[in-house]
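Some structures to go through are shown next.
Next, two complexes with subunit A in common: one pairs it with subunit B, the other with subunit C.
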Partner chain A sequence: MEISIRDLCMTYPNGKRALNGLSLELNAPSLVGLLGPNGAGKSTLMKLLVTALTPSSGTILADGRAVAKTERALKSQLGYLPQEFGLFDELTVAQFLDYMAALKGLRDSKTAVRKAIGAVGLEEKKKTRIRALSGGQRQRTGIAQALLGDPPLLILDEPTVGLDPEERIRFRNLFSQTAQDRLVLLSTHIIEDVQSVCDRLVVIDRGRILFSGTAEQLIRNAAGHVGVFWEHDTARERGLHITARVNTSRGVRCRAVADELPDYAEPDEPTLEDAYLYLISGEAHR
Partner chain B sequence: MGKIFIYECKRLLCNKFFFGILLILLFYGRQVLNDITIMGVSHTAPFSAWSFGDYLSRMIPVLWIATLLFLTFFTSPAARRVSVLTDAAPMPPRRYEAVRCCAALAASVLTALVCIAEAAVFYGVYFGRCDIGSLTAPALVTALPAIMFALGSGRFLGQINERLVYIWMAAPLAAAALPLPGAMGIWNGSFFTEYPLLTGSTEPAFAVPAEIAAVQCAFLVCGAVMSVCRFGKK
Partner chain C sequence: MKAVKYFSYEVKRLMRERPALLVIILSVLSPLAGLTLYRPASAGTMMSVYLANPALAGGAVSGILFGALTLYELDRTKRKRMEALTDAACPPTDTALIRTAALLPIAAAALMLTMLVWLPVSFFKIGSVMDLTNYCLAYLLFMGLALPSAILAASAAYQFTRRADLSFVLFAAFAGSSLTVWADDWQLCWLNPCVWALSDDFSNFRIFRSVAYMRLTWLTGLAGIWTLSWICVRRRGKGIIGSALYSCRRLYRPAAALLLLVCYGIGYAAQPIVDHSDPDPEVMTFAELPYLDGIVCSGRTAQVCPDTSDGTVDGKAVYMFSNSSGREQTAAFGINPGYTVYSAKANGEDAAFSVGGHQEFNEAMLEVAVPAEGDVELVVEYGGFPQESSGFSTHQGYTEISEKYICLQNAALAPRLLNVLPDEGGYPAEIEITLPEHMTVIPFCASEAERISANDGMAVWRYEDSGTGGILYAGDYICQNIEAGGIDIQFYYGRKHREVMETAGASEAVKTVVDYCTEHYGPLSFGSGGSLKLIQSRVYGGGYAGGGASLLDEEDFTSDNLNGSGKGAAPGEVMIHELVHQWWGLANMFDPSDSTDPWSAEGLTVYTAYRIVKELYGADYAEKYYTEQWRKETDDYYLNFYVREPEYLDRLPEDKRAEITGALSHVRQYCEMPLKILKAEKLVGGEEAMDGILSELFSREPDPAYPYLTYQNFLDACGLKEEDLELG
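On to the complex of A and B.
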């Protein structure tokens, strides 16, 4: 699966510009992490990829064919989990997945449903009505429907929201395994999730791509721009962005990113979170 | 397609709303049968096609509301949240909508059959007779266009705004209160109470004048067309 996005623009009817000339190439196998602040355009990009929205301009090609013209062919290869979704509360987990398998036109729906339920660990709840599920279990049901039929393209918008830490780790490992032979696009706010499993990061802000590459490359960009220091009045100086603030017996230890570190800050190795914040905060000043 | 139809029927029929509707329908039907139908309409027997048609026309508001309530399973905000998942599936939207409309139609027809069955039991108990064959024509001409039009128009309004579906539930009540033209006499029941008197016969055979048949056909066709059309855009 190959996705090619060229000069994609999206302006909503209310005039809000969500994407602004975005271009991107995505090739399988890969697990691509999509990062960006709220309102950056991540969900809009995903909705455009699944043809839930029509772009104002620009093209999206899937395996060389415009998705707008081959919507059905794209959807037959797609597993999609949106950020916000509903489920049929009257049905059981297995029935809902069977319903979705029928909609996806899967021939061996029984096997597909069993496999998806097993993948998300809902075997014990498969005969439970959806209305009786917890938030995390509903989210897992949503992930299961995206995994039905092992689609070659998986688009997951904030898939680990509502999951406990143990489940989150389990699922990011599942996504990593899934991406061994297909293309997985994962949008999240949780930096840890992308650092652990994604082989490529795409950072979006205000509808434009700020960075596309590996986590190591993003971290390298922030080298020399991360420092730690004891809390100081001058920490409020312009251009210094505190990323962590820890109360200790000796006082308050701060960690910050800046284009130019002040003299009193000791340089430190950047983490992915530092690098991300450095990129986003730098962009905010431009 | 068959599987989706069965699951949609299950969603519509296996819940407390359906049983609530059935209870209201049976209670109201019993009242109409015991208070009005038992005396017969326009000097015809209580078990005549005319009296039965009058009974069904009085049941139209409940059947109409039941049909629109079934539609709210597809137009409610909760259902719209599920549509973000179903829209991403490769099944053509028109086909999917058609399957869902068929499920709503099946549920509505089942509700109408319960209504008819109640009348059949009433005739059996009180008069020891029930000629199903003679009841078919008034059932088809009265209930089917009303159900189909409720389905199509309700679906059309539901795609604009779910609240309109609830407002639209009052339409047959308004029709019963308004002086409708003679061709729409089935919608306020005047056809069953007035037309037999015009024939000059004491027990006239059931017949539907051309203008009433045309109006009922028009409602049926409009409902069917609106049921399969998809409105709105991305």
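On to the complex of A and C.
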């Protein structure tokens, strides 16, 4: 699966410009992490990819064909988990997945459902009505429906929201495994998830791509711009962006990113979170 | 394949939903409303009361329920954000189509369950005249087809608006219009078809056809509107216009919508069921046509072949004219507006003819050129589906043509001559009719129909008549020959009604009544040549008599009516009551304009029935079951709150007031008036004296300006004043 996005712009009817000339190439196999602050345009991009929206301008090609003209074909190869979704509460987990398998037109739906239930660890709950599931179990059911039929393109918008840490780790490993032979686009706010499994990061803000590359490249860009220091009154004035603040017995130990570190800050190795914040804060500063 | 699988899963999903199950249960119970709250079929036949009304109420109630369920289901996927998942798996137009379509089997399941649950109830209530075909057709057409209409309407409203509240208002307005402002327009009342009666003893194909036609035209129209709304299903984040433009890229979608709407328009405008008769009853241009100068009609024949499977008629009518005018003239005929004239030949040559657009009293005018030859044999070939008068569009079903019953009247039988005078012999007519072998032909005139041949399950009957028109009944009849009152009576009733008639001792009752009434009041005016046909007709809303025949509406002979205590203590006595109406209920005897008038046909009929019963079973019996009952009912009537305080009656809502007034006037007609007549009997000197008075009243010469027998006429004949008969 190859996705080619060219000069994509999206302006909502209320005038809000969500994407602004965005271009991107995505090739399988890959697990692409999509990062960006709230309102950056991540969900809009995903909705455009699943043809839930029509771009104001620009094109999206899937395997060389415009998705606008191959909606049915694209949807047959797509697994999608939106950020907000509802489930049919009156059905059991297995019935719901059966229903979604029918909707997707899967031939061997029984196998697909069994596999998806196994992948998300809901075997014990497969006969439980959805209305009786916890928030995390509902999220897992949502992930399971996206995995149905092993689609070559998997688009997951905040898939690990509501999951406990153990589950989160399990699922990011699952996504990583899944991405071995297909294209997975993962949007999340949890940097740790992205760092752990994504072979490529795309950072977008205000509808534009700020960075596209590996996590190492993003971290490298932040080298020399991360420092730690004891809390200092002038930190804010100097344009420092505090990324961590730890109360200790000696006082408050701060970690910050900045274009130029002050003298009282000791340089430190950047993490992916530092690098992301450095990128975003630099963009905001500009 | 994918769509079929998804459809089946959507249906399964719906069947697991509580609201859907609740709607199914309520739909199954909805015919109950037809037995209590909502009874649009006003006739008293068992099928009307226990089949038509429950099915109609079921259609109205469950139609509304399924409309609401549709809105709930469609809005739910949006409200609970399920669309985010489903639209990513399948285009929104596909899911919209399947979601609406999946409601249809749910509706079908509700209908099937309703039919299963109500079948034994209907068998129990309707009794021996219950008919499974009628049952299935009534539920399918009156109730069943209301459900897809409601689903399509509600779904279309939602797909246009994408708002549950607005859609509900639109749907409620649409359903409400059908139940109120459109209720008297048989083509517009999509939810509650205009059905006033179903026959117990004969067939109901005419009304079933009419309802089916209305339902199918509405389904076509609503399918067209739904397809338009489907085009507007929101997709790709666009609004209604953007989505519609996007969907219209597939041209078959708007083309299908347009085609369906055009079909609906044609189906609505070109409906074949009722005519376009002038609604003004004062317009009688056909009757005012001047007679042709120098042309007379010396006789006519007609060969009529009703097709009992499709309800049509094919016929050939021959008219013998003598033209002494020496010039070509145009003869005018009244013809049923549903018929097409295939050809007209005068003396073997094609004659020019035309059928005018103006229609009145269920006739269109056929004009045929009569050549300037001395003797002219005019042959007109015609046929088609006979239409009924638009003036009675909410009371359809008179022109029934089926294997069980046929009623063809005047211009529906053969073109009726309008502007040619007869020669000295009147308009002698010879009618031949070809029908299935099991049917008996009963011409509504003095003559008998003779079966002249039979072949391949069909029989040809011939009878003679006179006049320009004629009425013909045919059906699966039993005929009982009864000698009574010095005349031969042929008593015809439907074979299906045999059990009820025999239980009620119908033929004995006929003999008793005719003997008694002829002896006491005189012979019937419409008896002819020493014979009389009493014909039980399909439910008609009344009866008529003349020329040696009288119609008995089947409504008067239902087991409910015969077992009703108001008209007699036993079914046989109610039968007597209904037959006494031949003397006191027909031939312009009473002014029918005020149905609540205490002076009506019922007073004298109940009194006469009492006299007959007294003669049959003795004075004690008559006292116990008649006069005592009248006194008790009348005493209760005088004590009734609304009778004593009538100003409170005026304060009630109109329907409640009508209900109470109806009940009160029933007591006045059936109990108070017979008591007054009984009192008059004593005052005038006894039964014999009263019989003499009634005999004179019965055979009086009516005033042409107001031919009805008034209460004052009765008092004058008795030499009494109104206050003399006060019961207080």
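Quick note on the criterion: the second predicted complex is superposed on the first by the 285 of 286 C-alpha atoms of A that agree within 3 Å, B and C clash if a C-alpha of one lies under 4 Å from a C-alpha of the other, contacts with A are read in each partner's own complex, and residues count from 1 in each chain.
By our rule, a residue touches a chain if its C-beta (ideal position, glycine included) is under 8 Å from a C-beta of that chain, and two chains touch if they have at least 3 such contacts.
Remember, it's a predicted structure, so these values are computed and weren't measured experimentally.
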### Task
Record, for the superposition on subunit A, whether partners subunit B and subunit C clash or fit.
clash
### Message
So in the superposed three-chain picture, is A:Lys75 touching just subunit B, just subunit C, both, or none of them (first/second/both/neither)?
### Response
both
### Task
Pick one for A:Met100: touches subunit B only (first), subunit C only (second), both, or neither.
both
### Task
Answer with first, second, both or neither: which of subunit B and subunit C does A:Phe85 touch in the superposed model?
both
### Message
Taking the superposition on A as described, I'd like to know which of subunit B and subunit C A:Pro13 touches: first, second, both or neither.
### Response
second
### Task
Examine A:Ala52 and indicate which partner it touches, taking first as subunit B and second as subunit C; both and neither are also allowed.
both
### Task
Could you tell me if A:Arg250 is touching subunit B, subunit C, both of them or neither one (first, second, both, neither)?
neither
### Task
For subunit A, give the residues common to its interface with subunit B and its interface with subunit C.
50-54, 72, 75, 78, 80, 82, 84-88, 90-91, 95, 98-100, 102-105, 142, 145
### Message
Could you list, by residue number, the parts of subunit A that touch subunit C in their complex?
### Response
12-13, 47, 50-54, 71-72, 75, 78, 80, 82, 84-88, 90-91, 95, 98-100, 102-105, 142, 145
#### Entry: Contact footprint of subunit B on subunit A as seen in their complex
50-54, 72-73, 75-76, 78, 80, 82, 84-91, 95, 98-100, 102-105, 109, 142, 145
#### Entry: Touch list for subunit C against partner subunit A, complex
1-2, 5-6, 8-10, 12-13, 16-18, 77, 80-82, 84-91, 95, 236-239, 242, 246
### Query
Can you list the residues on subunit B that touch subunit A in the complex?
1, 3-4, 7, 10-11, 14-15, 78-82, 84-92, 96, 234
